Amino acid sequence: MEALQQKARTLLQSGAVKVVIGYTAGSDAERARALFVRNGEQTQQLIWDDRCRQNLAAYLIKPEVRALGKPALVARTATLRTLLQYAVENQLADEAVLALAVADGQVVELPNFAAIEEYLAKQPRGLTPEQQQELAKMEALPLEERWAFWSAELQRCVKCYACRAACPLCYCDRCIVEVNQPQWIPVASDPLGNLEWNVVRAMHLAGRCVDCGSCADACPEKIRLDLLNRVAAQEVLTHFGAEPGYSTRKDYALAAYKPDDKEEFIR
Amino acid sequence: MTTVATPGVSGGRNLYVPYRMRIAKVTDEAPGVRTFRLEFIDEEEGRRFSFKAGQFGEYSVYGEGESTFCIASSPTRKGYIECTFRQAGRVTSALADRDEGDIIGFRGPYGNTFPIEQWEGQKLLFIAGGIALPPMRCVIWNCLDLRDKYGDVTIIYGARTVADLVYKHELAEWGTRSDVKLFTTVDPGGQTPEWKGRVGFVPTILEQVAPAAKDTIAIVCGPPIMIKLTMPVLAKLGFTPEQIYTTLENRMKCGVGKCGRCNVGKVYVCKDGPVFTLAQLNQLPPEY
Amino acid sequence: MAEFEPKVIAFVCNWCTYAGADLTGTSRIKYAPNVRMVRLPCTGRIDFMLLLQAFGHGADGVIVSGCHPGDCHYTAGNFHARRRWMVFRRLLDFMGVDLRRVIFSWVSAAEGAKWAELVNTVVADVRKLGPYEAFPKRLAGQLKTVEVA
Amino acid sequence: MSETRILQKASLDGLFAKLTAAGRRIVAPVRQSATALEQCHAERVEFEEVTTAQKIAADYIQTIRPPKGALFPRYEQMLRFKIGGKEVQAEEIKPEAKPTVLFGLHPCDAASFATLKAVFTWDSGDAYFEPKLAHTTVIGLSCTKGDAYCFCTSVGGGPGDTRGSDILLTPLDATKYLAEILTDKGKAVVALAPELFTPANGQAAPALAKIAPRFAADKLSAKLPALFPKGEIWLEQSLRCIGCGACAYVCPTCSCFDIQDERQRYSGVRLRCWDSCGFGLFTLHASGHNPRPKQSERWRQRVMHKFSYQPERLGVLGCVGCGRCSRSCPTDMNLAQHVQSLAEMPA
């Protein structure tokens, strides 16, 4: 924590960055919130611990934050993957952001995409055993029970679009739910609209999602949206060998193909 | 600014249920711009219906939604209302697909009105740009139908190109009337070889025409940029903010002060507007 | 009560399956009349949203069919589509959507007989499954009272 | 003057049976059972229809969704259309206004109905809201505990506030409630089971939750117009806001709505549904012009609407201090903190 505060102070004093986007203590002991540090004094409020879950890369696409000038971004693994995915999708120029990874009390400066790639190459990949068990548990349920579970979950969706707003990769100027000629997805949070919205969200992120979990964290109803993204990501990894956010190679799995992609369901 | 009570809710009528209107006449005004003449299918509803210049309504295509426009015809012309719209979104595109004889919905009238009774004895200066002539057409005809109550009537109307001028037949009529001074203009580059009117932006033409401010009411409707540049010219000509009227056109859903999106500060455009004097606008936060 | 007649919507590509279905007709092969065809340029254009829309509008089963791999009129539309279907199916299955009602196939312009057989099989299978009542429908009605608060 | 009685907790089932027999449905806070993926749900309490007291969450702090849906559902069909060539028919859909008892609402939620009523009836009536309000009886429940997000006492309320309740229950001990019968609707409930409401003779004052006031809403309302032009304040407060609609959708008093049509080939409906001033599209004109293009302006609108415009125009605050927006905010935008800092700013 001190190392992070010190680093932020140095960066701001030297003028290397104009703002350090990090975390500070939130409303209660379990919460952290984003902090936009622009002077040395504010650096003392920076924290780094398990509460720091929000994917701060989402702020890089907010005009008001962009207007602050070059940022340093306190980043966890998923945040770094977001930056590389932004690179793949031409949303971020190289060296436009200084990423700060914190590990073992040390702050690692990652000034460009190459450095992030190199850093991520050394990080553990894939799902945790708990995450794997969650998916397995769901997939082991009978079809009717899976349907009953998700119907009940999605019934609670109020279409506040917090999942979309929290997701750094949901940056379309005009989202599919706002396209109304024709109206693809009902505006109201009725059962069909909720189902369609949540399927379309997961599909539009398939092959792009970096598994930061911000969608599920953001959901006021605590719907496990991350599971939908994760199962799609598993399919992409298993069958297409793609894991987004680990390189700047433009290889979006759903905009590519192999003539011998293997499936067993097409008649 | 006086808030007016919403008619049409008494007698147990659900205000969200539109009147059924038949499109009696379709007029193509300009590229993408059409005028509908609407007649009440229920004649009793039509007889009970009344409105004043400046008011608006919610027009609906059943199954596509509602859209907000002013009533573009004059209250002095009984038996129908007219609306003029530009095809832009889902509802206006669906409206543009309707033909004569089709049924659409209308609910209203909503909002406040131009205080034309207060203006009696004054000279009137109408300044409009582009698709903003419709709200003004209502009040222009209203005053022309009561012509002897007002002094000189001057109309300055501009559009980007000659094709974009709306109400071409009426412009021709106003142009030939001896009791109306009409100046039409198009933006530089928008003229055709046959164009007989002026060329230049509305504020420039206003400066050239230079109407006297004394005993004159100015009514200004147009895109934000035109309004912004016209106001200083009017001030230079000696118009006070109390002499200048305009309308705000915020996005609305309900039209009756509930849905929460048309407010400018504490003012609901749907209830306290759409007609404001410049003096009133100057009191509002610049969120329109 | 009349026997349940399944409604099956088929989204097919213009160049192979639609032509194949044409051949079925000109060959005078009879097949179940329960299928309504929607012709699109290419399976690559068949957005997964269309499938959900079909169910939302009351379909009991959906067929998506196009050119065999390698035969796409636009070179690779069907290869792209295949990848999307794989992810889409996995996601739907995870959420408990009945995949026996979502059938994908390759039917070429020469396979009139295959088309008839496919439709007959799918219609028979969906007939056994019954109407897809679990899937939410468009304009379905008001919130139930327990959801109101 | 209200009348006070004692209601035994054990009598609730008896009361509910009488209410049900009188054709009223009962909606109450219910702790949600764990589902197939247990770790997904931290404690969740939601309003649900109940028939007995057994499932009711006795000491919940706050539900996620507010009770406003009972009067103003998240979507509601208004008209039904038959579309066939030139003959188009629109038919009004009458709202379902089932006699309902909302049981166990905290005083903040009960108070929120006054704000909703003000919005939906301030000038003209609302054919969908008013019948439901007329058929709703509120049996409130005083708060014996709160959390760091509660700030009812700053906005004119309190843990034992009676506003909005027809009967307010205050736990006296583990077995009984003090029942304040406040309105005619409350008396009608008592009249269904008068034997259950016994006389209250010199009961000790109950211990309510301690919620320290953090600002004075009336002073804040008076000051806000002067803070409006100071754009940097609003920008600074809203930098971490991501512009989702969660705060508005969980707010018991937020009532902005959208009207939308849905159609199939030959039929359609018009419905209204919740909307949020935090969305950029909320005020976007067809021309592309947007009166509030920036998130900071939308945040300002939210605060001004609740604490300045509504008090001035409708005579009610647009906030009851329930804290839901702050609990649910993905970026921890804490309304009470922000508003408190506005209140403490030099004017």
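Letters A, B, C and D name the chains as they come in the text, with residue numbers starting at 1 for each one.
Just so we're on the same page, a contact is a pair of C-beta atoms (placed from the backbone, for glycine too) under 8 Å apart; a residue touches a chain by one contact, two chains touch by 3 or more.
From a predicted model like this one, the values you see are computed outputs, not experimental measurements.
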Most remote chain, CA-based centroid, reference being chain D: C
Result of counting contacting C-beta pairs for C-D and A-C, higher pair: A-C
Distance between the centres, which are taken as Cα means, of chain C and chain A, whole angstrom: 33
Whole-Å separation of chain centres (CA-atom averages), chain C against chain D: 44
Approximate Å spacing (C-alpha centroids) for the pair chain B, chain D: 39
Whole-Å gap between the CA centroids of chain B and chain C: 50
Per-residue multi-chain contacts in chain C, two or more chains: 138, 143, 147
Multi-partner residues of chain B (each touching 2 or more other chains): 89
Touching two or more other chains - residue numbers and ranges from chain A: 138, 145, 149, 183, 186, 190, 227
Each pair of chains that touches, named by its two labels: A-B, A-C, A-D, B-D, C-D
Footprint of chain A on chain C - complex, ascending: 48-49, 52-53, 56, 69-70, 76, 79-80, 82-99, 103-106, 118, 134, 136-138, 140, 143, 147
List of chain D residues in touch with chain C within their complex: 25, 27, 46-49, 65, 67, 69-70, 73-77, 96, 98, 102, 262-264, 267-269
Residues of chain D that touch chain A when the two form their complex: 35-37, 39-42, 44, 64-65, 74-75, 147-149, 235, 238-240, 242-246, 248-250, 258, 260, 262, 271, 273-274, 276, 279, 281, 294-296, 326, 328, 330-332, 334, 337
Interfacial residue positions of chain B with respect to chain A in the complex: 89-90, 93
Touching residues on chain D, where the partner in the complex is chain B: 78-79, 81, 83, 86-88, 90, 92, 119-120, 122-128, 225, 228-229, 255-263, 267-268, 270, 272, 275, 277, 282-287, 289, 291-292, 297, 301, 304-305, 308-309, 312-313
